[in-house]
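Take this structure first; my questions come after.
Chain IDs A, B, C and D follow the sequence of writing; residue 1 opens each chain.
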Amino acid sequence: MNKTINVTVNGTKHTLDVEPRLLLVHMIREVLNLTGTHIGCDTSSCGACTILLNGKSIKSCTVLAVQADGKSITTIEGLAPEGGPLHPLQEGFKENHGLHCGFCTPGMILRAHELLEKNPNPTEDEIRWGISGNLCRCTGYNNIVKAITWAGTKMRGEETPSTEPEFV
Amino acid sequence: MIAQSFQYESPGSLSEAISLLNKYGDDAKVLSGGHSLIPMMKLRLATPAYLIDINGIPGLSHISEDGGIVRIGALVREAEVEHSDLLAKHFPIFRDVTKLIADPQVRNMGTLGGNLAHGDAANDHPAVMLALRASVAITSAEGEREVPIDEFFFGFYMTAVQQGEILTEIRIPVPPNGTGSAYHKLERKVGDYATSGAAVQLTIGEMGVVTAVGIGLTNVNSVPLRAVRSEEALLGKPLSEETIALAAQYASEDCNPSADLRGSEEYKRHVTGVLVKRMIHKAAERALN
Amino acid sequence: MIQCKTSKAIGGMGHSMKRKEDVRFIQGKGHYVDDIKLPGMLYMDIVRSPYAYAKIKNINIEAAMKVPGVIAVVTGRDLEKYNLHWMPTLMSDTQMVLPTDTVMYQAQEVAAVIATTKYAARDGREAVIVEYEPMKAVIDPYKAMDPSAPVLRTDKAGKKDNHIWHWEVGDKAKTEDVFSKADVVVKEEMYIPRIHVASIETCGCVADYDKVNNHLTMYMTTQAPHAIRTVIALVAGHVGLTEEKIRVVSPDIGGGFGGKVPVYPGYVIAIAVSFLVGKPVKWIEDRSENLQADSFARDYHITAEMAGTKDGKILATRFKVLADHGYTDASANPSKFPTGMFSIATGSYDYDTTYMECDAVYTNKPPGGVAYRCSFRVTEAVHAIERITDRFAFEIGKDPADIRFQNFIHKDQFPWKSPTGWIYDSGDYHAGLHKALAAIDYENLRREQAEKRARGELMGIGISTFTEIVGAGPSKDFDILGIKMFDSAEIRVHPTGKAIARFGTKSQGQGHETTYAQIIAEELGIPMENIQVEEGDTDTAPYGLGTYASRSTPTAGAAAAVAARKLRDKARKIAAYLLEVSEDDLEWEPGKFHVKGAPEKSKTIQEIVFAAYTNHPQGMEAGFEATHYYDPPNLTFPSGAYVCVVDIDNETFEIKVRRFVAIDDCGHIINPMIVQGQVHGGLTQGIAPAMYEELIYDEQGNILNGTLMDYLVPTAVESPHWETGHTVTPSPHHPIGAKGVGESPTVGAPPAIANAIVDALSPFGITHMDIPITPNKVFKALRDKGVIK
Amino acid sequence: MNVNISKTFHVEHPIEVVWANITNPEKIVVCVPGASLTEMVDADHFKGEVELKFGPVKAKYGGDISFLERNADTHSMKMKGVGTDVKGKGGADMLLNGLLTAKDGGTEVNVMMDVTVQGMLAQFGSRLASDATTHVLDQFISNFKNQLDGKEVSGSLNAAGMMGSMIKGMFGSK
């Protein structure tokens, strides 16, 4: 038996008739066609499907769409206006080579979003623990840490550090 | 990975939830944080016909203190446990344990009630609750009953929560001054289930004598294990390297770990002793500060 | 030192240009296979075997067909009618698409369910009931070699054992002679575990067959779209799908690492179904399917031996390998090299005697032997030589750094012919190791270690100085299924001076859209911002063998440079015409030709290109386009010196990598930021098998860690803060002096870590530990030595 | 995946009575919690089903059971069950060895259970398998004792339910 839910996604209200077993990530990707949110595992291990649910980062592969009824969702597509200025995290990832294949990136950025909100000036160790629910197979994490640090600096209104690689 | 179809109910009150559980019986499952249940459903290891989502029920999300008891609603999220100042004040162990549970996103969803009600000795809160000598409130159509934590776990995925019942609150006695608590687990990588874990709370009275102690162990027995002999080795005596070593040795001897991908039985026994020793030291240090 | 010939505005080689591809990825606009949605698209899900070895007695599809939305269930018997139930592997072995009677490993494809929605397909999969008759599985490769073992490949007529092939290289008699006379001989048994790339995006495809036009468009996660097109034509040509009717599109790929080179049964079934029903069919693996059924890497059992003198001179090595290939040899090695480039195992050291042999066997495990960020068995080779070198140093009581300096091939000895016949192009191993040791402050670390040992603390320092072999490869020796391993570039410069360049390779995160543009910018002076790079569409890109084994820069990168140079030659002619001087009077500077001695008389590349369309010399072909198929004269031999420090908790035996310094030499560097990024990523995929990852099977052939809950991909917490640097020893034969780098760190890191851990435990007489080295294994090793009771 | 567990217990019944019980398929099969006998093929071969439930996880196996040995002289029996998950997700083989020894007027019973699991349960339930087997054996022993004492043994029993209701009775405070 389907259930009608109301969700606000990236600021737009939707009323959807969904099967109770529909996973939130499938609602986002298949029903709303927001394909920036990815699926990397079945067991809430990889974090590629991370989105913000009422501002909190969650793994949308392990949440049912019906559980989002009455709530608001932010996906990577909603982080900054299309074609408009990038969010400091998006900019930070680009400037600091915080991504290779790009598959984990949306989840990583949304997780970092909540991390910086709760802790605007995190240490390297706090960042590493803060993104421990997100797997990246390409970057070795050094530059993701650097990207989040850079974004934090920018969001605090401070001068951003150099993005040149320390590769001597 | 997609779950088998089920009927979804989101009751607005506890009584409504309980009547649904009674109506659907064995075919119904309670959905709280869902981070143990939904993966099992996606793998179709679990195929409940009815899912009773209790997240919309008011009155289950509190952390409060009254009459020397800290009360934690079953729906309190791990992230809230992690950041609660009230809990941090009385039980530094919660900061230790929550940091080691899964990852931040899972902690935003996962609940303390669910962690206990799942009845998995590999979960971390059971050992903590043993150390803190908590009790658990379980509500059914007949009302509420309070079950001491020692009488809560019965086997793999088996707890005192029966058909038609919901775990509603966790109650922890506020310890006296001079109490400290600590938890650590060994994990293969961050977010993993424990290879072994130890939770310790102890109270140090005059002359350095241990006046109260609780020690719980994670994932080294089919049910969460209280290290009874380890507690006895400390209780009523001044804390010393000898008593601590004895407590560690007893924990190592009394646990029943099985060999698996996390390690051999011998290794698990060994590190259980090490963890108990370290957590006693850490709890004692906190007790004295 | 990296020196740039172009300005940052042009962005040629040596500049850390920000990546062009990132703009879409950071905004969620990457376009991966699972993002494709076509009208009328059907969804496929696959029924898999719960048994490692079993006869299929019956497949009951009745209930599945009753599931709403399910339109078909395809079995091996259905494919058999079209002779599509078997297919060739990249090693010319054979592999089932769907079985008709026997399953050979757990999670093998058994039947495919086709439905109108993803959810219905999964429900249908659950409703297919397969009756099996389980048989006793052969899991241990040594047992598979036993004459009493059941013959697994009964489909092969006359097959009487589980042996696949034997390979050997070197001088057996001479090696035996040196070993028998040597002062010192050391030997270790080493297992390089079965591991999985676990790229965050799993594999999948959308097969879109158009019945009216008899045309197939195959969108798929492949690192080698052209080779795949040819393979599809070879497999399905007999049903009318000939190569001109096939277009393979590889959109953005969420990590490959070699796992997206093979042709998996799911792809072929999707094509077959689309062909039969005339509708697009999407198949996307789950993570557990990916881990359990896709090609694995490694699984080499190596006996390594080294002979030397008492004072540390290496005289000879000997390696004997047993390779577990699962039920079919589905590696992706060049035809002539069934063990890939394992023969690089003589390492970075100057000696002339070696003998290596390898036997490959069938077991009831998933097929493969492909890649984990290194496909050609270089990781296995480097692990063997770097571990046995340390073992030798330990035996004679010499510092592992000293023994390396003593035996390194000197930079003046290049090109150097190895005892197995490779011609190392260039290297400066001494410089690399000196730099790494200085960066980590080696002497002080050894002092600290001595103090800690006195206090009973466990600290270890490990070194790995490896020689890589990448860039396959010269066509005289290298092919995949007969196709020579060249690669290609096509550059088209538009009249306004902006360009599009297309390649036969396919980036999976390596940043080709940026680095290829930089190579062309370097050669033509057109700003890299104005060069659009495209890959992955066989209808538009020139033929190439794809991206794996760190071959893109050595092959397609070289092709880009050569094609650009063809254009520069043409530009010189046009410039001479426009400036009314002889070609010899012109001098090139990035972006323009000027008249020698009169720099104010010049034509920019943009002016020249415009003229190529508007005002070109009589008799000259119009336009400004060039294509090149580059056949490398040799492989490239990158190298590295890695030093690692570990601390081991002396009670719990948890291992922490305190510091890790990696100095890489990949010749001339195109983009330091990207090279460093590749090194970081490769190092994390080096620590992974060294300390965390291994696919584990029980005696019945059940995979015990087929999800990411138990297959331990490192997070940011396990992955240390990598310290990286470089030396530059250009490849003398490569047009831009570059070598590959992507797999170097994955090759070099595991022995550095293993050496460090063994070093920490060496006071207790421990001389070797198999990776992944876990606290549990350290505990066991110390217990076996009686250190722990 | 293989789990091997052995337990020894004492019952206050003469060895021949115990022997008669342990070698009677209709009696022994129902002592396995969740198991039922569905068909007698011949004296040594029969068919049965086992339904197990652990929290949210349920598994149902159907299969062939046979006596490999029933030696009245040595009072030793071997029984083998070959089961298949009814949803086709794998199988489980169980070897049950029983050895009786007369002791102190009663009987000492040694039971060894050797369970090999293949498929889904082996893959995802590795933590469960060992505990589950122990649990099943404990329940088996408890049922076996009850049966000898003439108490009721429910064939469709599920482990969690029984344990839970027992506990509820003991500790319930309504």
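Points to keep in mind about this one:
Here, a residue touches a chain if its C-beta (ideal position, glycine included) is under 8 Å from a C-beta of that chain, and two chains touch if they have at least 3 such contacts.
These numbers come from a predicted model, not from an experiment.
For chain pairs B-D and B-C, the one joined by more C-beta pairs in contact is B-D. Chain B and chain D, compared by their mean Cα positions, are separated by 31 Å. Centre to centre, using the average C-alpha position, chain B and chain C are separated by 44 Å.
With centres defined as mean CA coordinates, chain B is found 30 Å away from chain A. Centre-to-centre separation of chain C and chain D, using mean CA positions: 50 Å.
Counting partners per residue, chain A has 19, 21, 42-43, 45, 129, 132-134 as the residues that reach two or more other chains. Shared interface positions of chain D, defined as residues touching 2 or more other chains, are 120, 124, 126. Contacts with at least two other chains are made by residues 1-2, 4-5, 41, 43, 190-191, 261 of chain B.
Shown are all chain pairs that touch, namely A-B, A-C, B-C, B-D, C-D. Residues 1-2, 84-85, 87-91, 116-120, 122-124, 126 of chain D are the ones that touch chain C when the two sit in their complex. Chain B makes touch with chain D in their complex at residues 26, 29, 37, 40-41, 43, 45-48, 118-119, 122, 140, 142-143, 145-147, 151, 154-160, 162-163, 193, 222, 258, 260-261. Interface residues of chain C, counted against chain D in their complex, comprise 50-52, 106, 126, 128-132, 134, 292, 698-704, 706-707. Interface residues of chain B, counted against chain A in their complex, comprise 1-8, 10, 31, 34-35, 38-39, 41-43, 51, 53, 55, 79, 99, 102-106, 108-109, 190-191. Partner chain B is touched in their complex by these residues of chain C: 118-119, 122-123, 126, 286, 288, 651-652, 654, 692, 696, 704-705, 709-710, 712, 714-715, 717-718, 774-776, 779-780, 783, 788.
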